[in-house]
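After this come two complexes, each holding subunit A, first together with subunit B and then together with subunit C.
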Partner chain A sequence: MISTGYKKLVVPTIVIIMAIALPFVIKAPYFQHIIIMIFIWATLGTAWNLLGGYAGQVSFGHAAFFGLGAYSAGLLIFHLNVSPWWGLALGPVISMVVAIPIGLVCFRLRGPYFALATLALGEIFRLVFTNWVSLTNGAQGILILNTFSTKIPYYFIAFLIWGISLIIVDRMIKSKLGYYFVSIREDQDAAESLGIPTTRYKMFALLPSAFIAGLVGAFYMNYIAFIDPHVVFSLSDISVMVILVVMMGGVATLLGPSIGAAIYIALSELFRAWLGSANVLAFGIIVCLVILFMPNGIIGELGTLKRLFIRQDKKAMVAGGN
Partner chain B sequence: MSFLEVKNIVKNFGGLRAVNDISFTVKQGEILGLIGPNGSGKTTIFNLINGFYPLTSGEIYFQGRRIDGLPPHKICALGIGRTFQVVKPLKRMTVLENVMAGAFLHTTSISKARSKALEVLEFCGLYHRKDMDAKNLTIADRKRLEIARALATEPKLLLLDETAAGLNPKETEEAINIILKIREIGITIIIVEHIMKVIMGISDRILAISFGREIALGTPREVANHPEVIKAYLGEAYA
Partner chain C sequence: MSLFLQTIICGILLGAMYALIAIGMTLIMGVMKIINLAHGALVMVGMYITYFCFKEWGIDPYLGMFISMPALFLIGCLIQKYLINRLVEVDSILPENQVLLTVGIMLVLTETMRLIFKSDYRSVVTSYSTKTFFLGDISISIPMTFGFLIAMILTWLLHLFLTRTDLGRSIRATAQDRDAAIYMGVNASRITVITFGIGSALAAAGGSLLLPLFYLWPDIGHLFTAKAFIITILGGMGSTMGAILGGLTLGIAESLGATYISMGYKDVVGLIIFLLVLLFLPGGFRSFTRR
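On to the complex of A and B.
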């Protein structure tokens, strides 16, 4: 029993030690930047996955929460001259507060209708933030000065945010909440008939999801130091892309979004050099292939692959015994 | 105060009156059978009791408390469980997880929900399937899973919607045994069933409906010989 308790901690401990050592091994700022971007996307994917993957409420509007987080940080310094780092506290809260009415409206709809409603909402935020110039500085966006001149502090903050998001999601899905989320995803009517208040539990999935998206959005502002509505509220580059990232890595798996994020960022960096902005196309084709041949994503299919191998091992052992 | 009292319920779907002024009561501990030709409104009555559809008019009382207008999850929490005629397994969950989803109604602890679920699976004869994904079950096992999941919510009244439809004779026999076992542990049952062998054998009373209206209510023998029932099933010539 004790050994299994320790075993559970072995992998996370190794990961943490490696993560701490990484920026001192990989010293090139360019590569450090790539890893930070992977953390950002992994966190955003993890947030989306809680609502879209586990609870099955496919959102096409997660850019709204990401953008709200980013603007919370940006507008603090733009209007009030308050450090944008406070956005890390304010952004998630604002995203969550805004998520409440969004949930109340959209959760009346099911399946594709829910998805379309969130898509429209995401676009509404982009348009409002583009046109409400007195508040947001409009399409000119917000430019701030980076707090740190090296990437290393950002690296650790991004790693921490990613870790926090994983812990939040892991804790939730391993509790009663997780069972309820998946029940709602699998059949809402059956879930209702089992005494599950489906709207309330969808909200319990949405709020942390919005919280995490807002948190990573606020960090994005601090790290990239420039945002405009077309970047952080983008339908194609954020809302849709996060879905592709999660699908690639594995919907409704804890680490799927992170794996998807690593592949997405790595590929777009690889292809950017010789495909220019068509690098997204390359990623799109790969996502198509993954969906065709690994419909549950990379992590989702790992289980079946593993089972396949274990079964073969057993067969081999029996054969050996004979 | 009766256990369940349904008073003059009416349900319109647009211009169609699917349930037309039905009233009945259910006594604690009995099995009430609900029969009628296809499309006569049996499942609609279940959907009205369990809150999936709002009533057009009428009232429903459960243990003295008015329940029409409450959402399905609240009605379940009050102690009315149901199964679905068109089974709704939570496909990408294991059998055990399906039943645990029901058991969580009364607990937040994973281990308590698990032990409750295992107990119910044992009761329904599904224990050996517990680690199987629900999507891989046979229809007979899916029907049992429906019952097990509903039982895990610890209902006082269970609405069974065609739990023996599509089963072979041996499976039907097992289904009947499960239903009788459920009654033995003190759960009141309303059962919709087309297989006369099942419904005639286990019901204390039977309510027969046709085109949303009550045509007969009484013991299985009375209902089976009732001219209106024969007419509804076989046509005018046999009545």
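On to the complex of A and C.
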């Protein structure tokens, strides 16, 4: 028992120490940038995974929350001349507030219909933010100045946000909530007949998900320093990509989205240098292959492989006994 | 008043072409019960094939249709046979795996086209592109009228195919009840392959008809996917008649929105109608006829 208790503490401690040392080991700003982008995507994937992976509500509109977070930070400085870092506080709150009506509307629908409704809502946000020029500066977007000239402060903030998102999701999944989510995903009617108010619990999955997405959106604004509606509300580059990232890493696993994000960013940087503009094509082909041959993603299939292995062991033992 | 009539007519003409794309999607949805997020990308591929024929060999877009349709039929059959049908037996956490695969296919198709043709905006200029004729004081664009007529003829042919031929009947049977169709000796997996092919061919036809009216670039597929969804949900899944009605409704709503609200918000109008129908009339227009 003591050893497992140690293990629980030892692994995160090692990870944290390594993460703190990393930017001082890897000094090239380009690689630091890649790691920050991985953290951003890992956080966004973790947010999507809470609603889409654990609760089974496949959302095609998560760019809405990401974009709202980014725009809350951007509009603060654009209209009020307040530091965009306050967006880290405001963005998640706005995303959550907007998520409530979205949830109330979309949770009336199931499966593919839910997916389509969220897709439509995400697109509505993009179009409104493009056309409401007086508020959002339209398609010209918002350009700010970076606060820090080195990447190291951004690295630590991104790491912190990623850590917070993992802790939130981990706590929720290990509590009773997690079981409720999975029961809704596996069979909504059965869950309802067991007395789980499904709409309320889907909302409990959506709100933290929107919170995290808004938080990372606000950070994105501060880090990249330029946003426009076609980037942060993009259907294909954010909403759909985050699903593919999670699919690749492993749906409904804690670290799956982070693995998927690391692969996505690493592949796209690698292919960008090697194949030019064909990087998304290569990623698309790999995603198709993963869905075809590893339908539960890399982490998800590790588990089944292990189980297969153990079962075979047991069979061998039984056979030996006979 | 004439502005209003003009808007309505423009909407109807455009709507018929949208309907053609949506019928392809509704067929696929009806038979396989999945949403095909690659549908717009198939339209886009059809448009590029037609564009290529026009640019390289000077083939008129309306004749280029007869090249893009068989090509897309083949692509659709291959996608269904070797990719989507494989997933039917695979067990996974999320039941939406096939839908996500179509997302991957969409990505691959879009990026392949971007690799070949770059991201530039392209358009086809024919001798009749900007020609119009007058009906009273309403001007009607000739390419739109052509597109409308061809779309109607294709829809009628499809209707004949679905109601009069054995293959068409098997498609409808599979859509109604897959298991029962299998018991009656229908080779259901072959039917899904053919249906996906026909759906893709219709998408290509719609793309070729819309080519003289739209700018062409690789991401235009998203636009058509969204439109096809709206129409399919409006008309009720799997219903050809519903898709035509839905197409006309969307066309009219969009052109009214463009005329009376603003060009930028015209897509928002369509999406809001979509959400309202999804929430309050989940069966689409078909639920009216059932009452």
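Everything that follows uses one rule, which is that the second predicted complex is superposed on the first by the 305 of 322 C-alpha atoms of A that agree within 3 Å, B and C clash if a C-alpha of one lies under 4 Å from a C-alpha of the other, contacts with A are read in each partner's own complex, and residues count from 1 in each chain.
As a convention for this text, a residue touches a chain if its C-beta (ideal position, glycine included) is under 8 Å from a C-beta of that chain, and two chains touch if they have at least 3 such contacts.
This structure is a prediction, so every number in the text was calculated from the model and none was measured.
Within the superposed three-chain model, A:187 lies in touch with subunit B and out of touch with subunit C [touch as defined at top]. Within the superposed three-chain model, A:281 lies in touch with subunit C and out of touch with subunit B [touch as defined at top]. When both complexes are overlaid on chain A, the residue A:176 reaches subunit B alone and has no touch with subunit C.
By the touch criterion stated above, A:140 is placed in contact with neither subunit B nor subunit C. Partner contacting the larger number of subunit A residues, of subunit B and subunit C: C.
Judged by the touch definition given at the top, the superposed model places A:292 against subunit C, while subunit B stays out of reach. With both structures placed on the common chain, the touch criterion links A:131 to subunit C but leaves subunit B unconnected.
Taken together, the two complexes place no residue of subunit A in contact with both subunit B and subunit C. By the touch criterion stated above, subunit C contacts subunit A in their complex at residues 34-35, 83, 86-87, 90-97, 99-101, 103-105, 107-108, 110-112, 114-115, 219, 222, 226, 229-230, 233, 262, 264-265, 267-268, 271-272, 274-275, 278-279, 282.
Residues 52-53, 56, 58, 105, 108-109, 111-113, 115-117, 119-121, 123-124, 127-128, 130-131, 185, 235-236, 240, 243-244, 247, 251-252, 277-278, 280-281, 283-285, 287-288, 291-292, 295-296, 300 of subunit A touch subunit C in their complex. The touching residues of subunit A, counted against subunit B in their complex, run 174-176, 179-180, 182-183, 186-187, 189-198.
Residues of subunit B that touch subunit A in their complex: 50, 52, 71-74, 76-77, 81-82, 84, 88-93, 97, 100-102, 104-105, 107-108, 110, 113, 149-150, 152-153.
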